[in-house]
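Once you scroll down, you'll see the structures, which are given as structure tokens.
Note that subunit A is present in both complexes that follow, paired respectively with subunit B and with subunit C.
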Partner chain A sequence: MDGSRRKFLKLAGLTALGAAGASSIKATASSGAAADHDAPSTDGVRLAMVIDLRKFAKNDALVERCIEACHRTHNVPDFGDDEKNAIKWIWADDFETAFHSQEFHFIREDLKGKPTLLLCNHCDNPPCTRVCPTQATWRRESDGIVMMDWHRCIGCRYCVVACPYGSRSFNYMDPRRILDDPTIDYPTRMRGVVEKCTFCEERLARGLQPACVEVCTNDEIVFGDINDPHSKVREILTERMAIRRKPGLGTRPEVYYIIDDPRTLQEVAPAAVVEVTEEGGHA
Partner chain B sequence: MLEKALTGTRTYWIWIFFLLAIMGAGAAAWFWQLNVGLTITGLSRDVVWGFYIAQFTFLVGVAASAVMVVLPYYLHNYKAFGKMTILGEFLAIAAVIMCMSFIFVDMGRPDRIFNVFLYPTPHSMMFWDTVALGGYLVLNILISRVTLSSERRGEPPPSWIKPVILLSIPWAVSIHTVTAFLYSGLAARPFWMTAILAPRFLASAFAAGPALLILLAFVVRRLTKFDPGKEAINKLAEIVTYAMIINVFFVLMEVFTALYSNIPEHIHHFEFLFTGIEGNTTMAPWMWLSVILAIVALVILINPTTRRAESTLIIGCIAVFGSLWIDKGLGMVIAGFVPSPLGKVVSYTPTIPELTISLAIYAMGLLIVTGLYKIALEVRGQIKA
Partner chain C sequence: MYDAGKIIVGIVVFLVLATSPLWFNAMTAEGPDVPELKSPPNGATECVEARDTMRKNHIDLLDRWRDDVVRLGRRDYVSATTGKVYDMSLSRTCMDCHSNKTEFCDACHNFMVVDPYCWDCHVEPKEAN
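On to the complex of A and B.
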């Protein structure tokens, strides 16, 4: 536990360095080349998130707590049922919608229709940064976070159009009019700019975990450097079955969703195991 | 020469003030939008581009279509287009200015427009579209001004303008190609991600633009002593015919590819357009009207008798323009967002302020066309006393 804490601080330090260097914004053209969509992430620190849908399936209230934590931390206005003006950094859609292009007619009941957390995938090969005409959004080379500069954004919404995941929101109206009690250590936005999740880069720089990760008590969301073979995210992905959203588009999302059940067959269906033993003689 | 647009008959001024009144209403709506935000439009989190961007896309085509009179006249020395070229170039100027205005009113932060030039970004197609449109505007202003000044002095145009005119030909093709690339390079939007989008944009532009030019020429001929000539009109009508046939062919190719391949993400957009999905049929009546108009246009235009008879040609041109305006100025952009990348069907209907602002931009375009055409005809002494 102590070791992983130290490792995380080291990683956070690197992130802070990256933030300092962010003023020299680099074009993302290098990542725009024909890349193998299944290839592992590029060199260096690559921050990634693993969301365990099995654990979330057992903890219905957690989804809302994650959303609440993020939106309060980042002064994201709550428009209620007004989907037209809605701003979402992290939100829940049912499992089938989250993985829209895949088919899940016969999945286990505990995943069916389950609220699934959706956020910016911080793609290794992001289409949104490629289309931005002012480099107001870019992929930070030091850790792969897809950043936003709300002071440069011209509000053309081309990035919103280019994102295959619906992760970006546009401020159709003044968000400050909706915020009753803003968090003072995080900026509010003005009308007319695009915003989205930034993997809590401001918290990472202070050595903290992302807000949505922090409210999780049982590793429902795990965050870390996927390029580090000993990181927790990496260990989990080696053990478990995880999927990403729309992998065929070659964007290489860095948010992974665990869908398998870690229990053995014997734990899930002892009757089935017994049957095999009787017929085949295997224990 | 601009002063020639500042004198005119009573009818001329009534028309000018009529346009100015519409522009005033649009300006008021735009100030409201500036103060409240784009929330006053029908746009939403899922449909982020709508009527403004669709008009921009359609009008880029109108701007590019000037090449259909410029190319035969300057490259093939087709003399019959002599009187028409200036009208084509002036229409292009008005269309490009309208395009830029539609982009401007669509921006969330128009106050930051100069960021596009302060941080030029070659990997963004929007950057190239800005370069292409800006350049095209400069080219057309330069060419029309130089050629018209020479004409006024009774001299042939200076020889240095010829290469500039030749440059404007591929440039016209480029503006609509880059505009198509804005859409067709996005993995997130299967409806637009088709290699035929740019060719289809060009075909529809070369049908709708010259159709509008024919209609404008008829209007101008009625009001002034200007006569485009029978041969020029017939030739333009042939261009409209071929371009419209090619456009319809391209559209059918898209429909085949989507339907036969049977990939749901491709089919859904066409379903939304023509039958509606999940009970949302907002576009279907429009799209079928577009189909009917296209059929009417092709029947009139392919038949040489109806194409050459002015009364039917006018109907044909209106049908072409209407059909393509619906297809490109409504359906093309909106269908890209419905269903959304998450499969959601979200309605979009432009609001009254959104339409008022759009109408005002069209009025401004008409004002520019009126003023510029007046100048051209004054120079040629073709204005009725």
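On to the complex of A and C.
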């Protein structure tokens, strides 16, 4: 009797161990296979933004103009140097800080310390939406925008902690105290609510481009459907060298930064650039 | 019963005194100052739905608009009364006609002692002082 119980327990233990081992091996194998870099991020329309840092490097004033346009359009209060209360939808930091995970050593002179526009990356795999207890923020299936419903936000700030890019701000104070002349076209927020960039979804609904894109005159920022093979964003990404912020975290951000310069390439290797010109006409 | 006369007279006096505000109002006052709404200054004569519906259920309509716009991304509202299409927007559509928040929204809300928090975030049109 004792002997058979012992045998049974041994067998059960081994079976459980085997099952656990098999499933973990399977999981490891599938995560390895997921790294298909040319696969579309998601089905249907997927809005993405491409910021050309070479063009911005020559035009620091444009950075300020983009920030100003966005914050005026969306009634974002300006708290000046008050870092604690600051509300940021789009803001600038120097290039090395923005991309510190790249561990640049001797950095190219034209990018060194350059103000780089930062905003919500509208990730394909957003960590902020998963922690929201009230579904006040979610990833919109129709175009991938990470939306916010300020009616529902209870100000728990889980999303602020979850976002690895610092894209979310909390209203510690009533923003109306700072905003002298809010625009009627867009609501302000109230005290105790988190806010962030929404890719100007209210402007997109009216057929307009995002506010920061609109002030750009020379394609410094390009916006569009990355799943459409003929879209401008897609064309640029297939021809130029683009990086994303903290890609190792697996959030799959949808804001891309162009860091190369076709003219520099032309000087170094003219033949290679001729090829690019023939294919896409974008050299 | 001792002093029945005094007690009954006392009760009657008490009842008359206790209910005197009601009598007084019934005889003198012409009722509460029910707010009167003015027609929209831009001359509009019809709302997105019938007047009675709007008077009773505007909060339900606004609630639905909010969810449609923010959560479902739908912005066009087809009126059940006229079939016309409206942009579901408090600041744009509603306030386009009812442009005076103090006279339109606040007049009734104050009378009914309700305090909706729409305007904590949404921006009302500027009013001429």
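We adopt the following convention: the second predicted complex is superposed on the first by the 223 of 283 C-alpha atoms of A that agree within 3 Å, B and C clash if a C-alpha of one lies under 4 Å from a C-alpha of the other, contacts with A are read in each partner's own complex, and residues count from 1 in each chain.
Going forward, a residue touches a chain if its C-beta (ideal position, glycine included) is under 8 Å from a C-beta of that chain, and two chains touch if they have at least 3 such contacts.
It should be emphasised that the depicted structure is a prediction, and the values quoted were computed from it without experimental measurement.
Asker: Clash or fit: subunit B against subunit C, after overlaying the two structures on subunit A?
Answerer: Taken together on subunit A, subunit C would fit alongside subunit B, as the superposition shows.
Asker: Is A:Thr251 touching the first partner subunit B, the second partner subunit C, both, or neither of them?
Answerer: The answer is first: A:Thr251 touches subunit B but not subunit C.
Asker: Which partner, subunit B or subunit C, is in contact with more residues of subunit A?
Answerer: With both complexes superposed on chain A, more residues of subunit A are touched by B.
Asker: Between subunit B (first) and subunit C (second), which does A:Pro182 come into contact with in this model arrangement: first, second, both, or neither?
Answerer: second
Asker: Given the touch rule stated above, what does A:Asp78 touch, subunit B (first), subunit C (second), both, or neither?
Answerer: After superposing on A, A:Asp78 lies clear of both subunit B and subunit C.
Asker: With both complexes overlaid on chain A, does A:Ala205 touch subunit B (first), subunit C (second), both or neither?
Answerer: Touch status of A:Ala205: second partner only.
Asker: Quick one: classify A:Arg140 as touching subunit B (first), subunit C (second), both or neither.
Answerer: The second partner, subunit C, only.
Asker: With both complexes superposed on chain A, which partner does A:Cys132 reach: first (subunit B), second (subunit C), both or neither?
Answerer: Only subunit B is touched by A:Cys132; subunit C is not.
Asker: Upon superposition of the two complexes, what minimum C-alpha distance (Å) separates subunit B from subunit C?
Answerer: Superposed on chain A, the two chains' closest C-alpha atoms are separated by 12 Å.
Asker: If we count contacts the way the header does, which residues on subunit A are in touch with subunit C in the complex?
Answerer: Per the stated touch rule, the residues are 75, 140, 142, 147, 149-151, 182-190, 201, 205.
Asker: Any idea which subunit B residues touch subunit A in the complex?
Answerer: 36-39, 41, 43-46, 48-49, 103, 106-110, 112-113, 115-116, 118-119, 121-127, 130, 182, 186-189, 265, 336-337, 340-344, 346
Asker: Flag every residue of subunit C that touches subunit A in the complex, lowest number first.
Answerer: Residues of subunit C touching subunit A: 66, 70-71, 73, 75, 91-92, 95, 117, 120-125.
Asker: Would you pull the subunit A residues touching subunit B in the complex into a rising list?
Answerer: Counting only subunit A, the residues touching subunit B are 27-29, 32, 83-88, 93, 97-98, 100-101, 127, 130-136, 152-158, 160-166, 169-174, 191-194, 246, 249-251.
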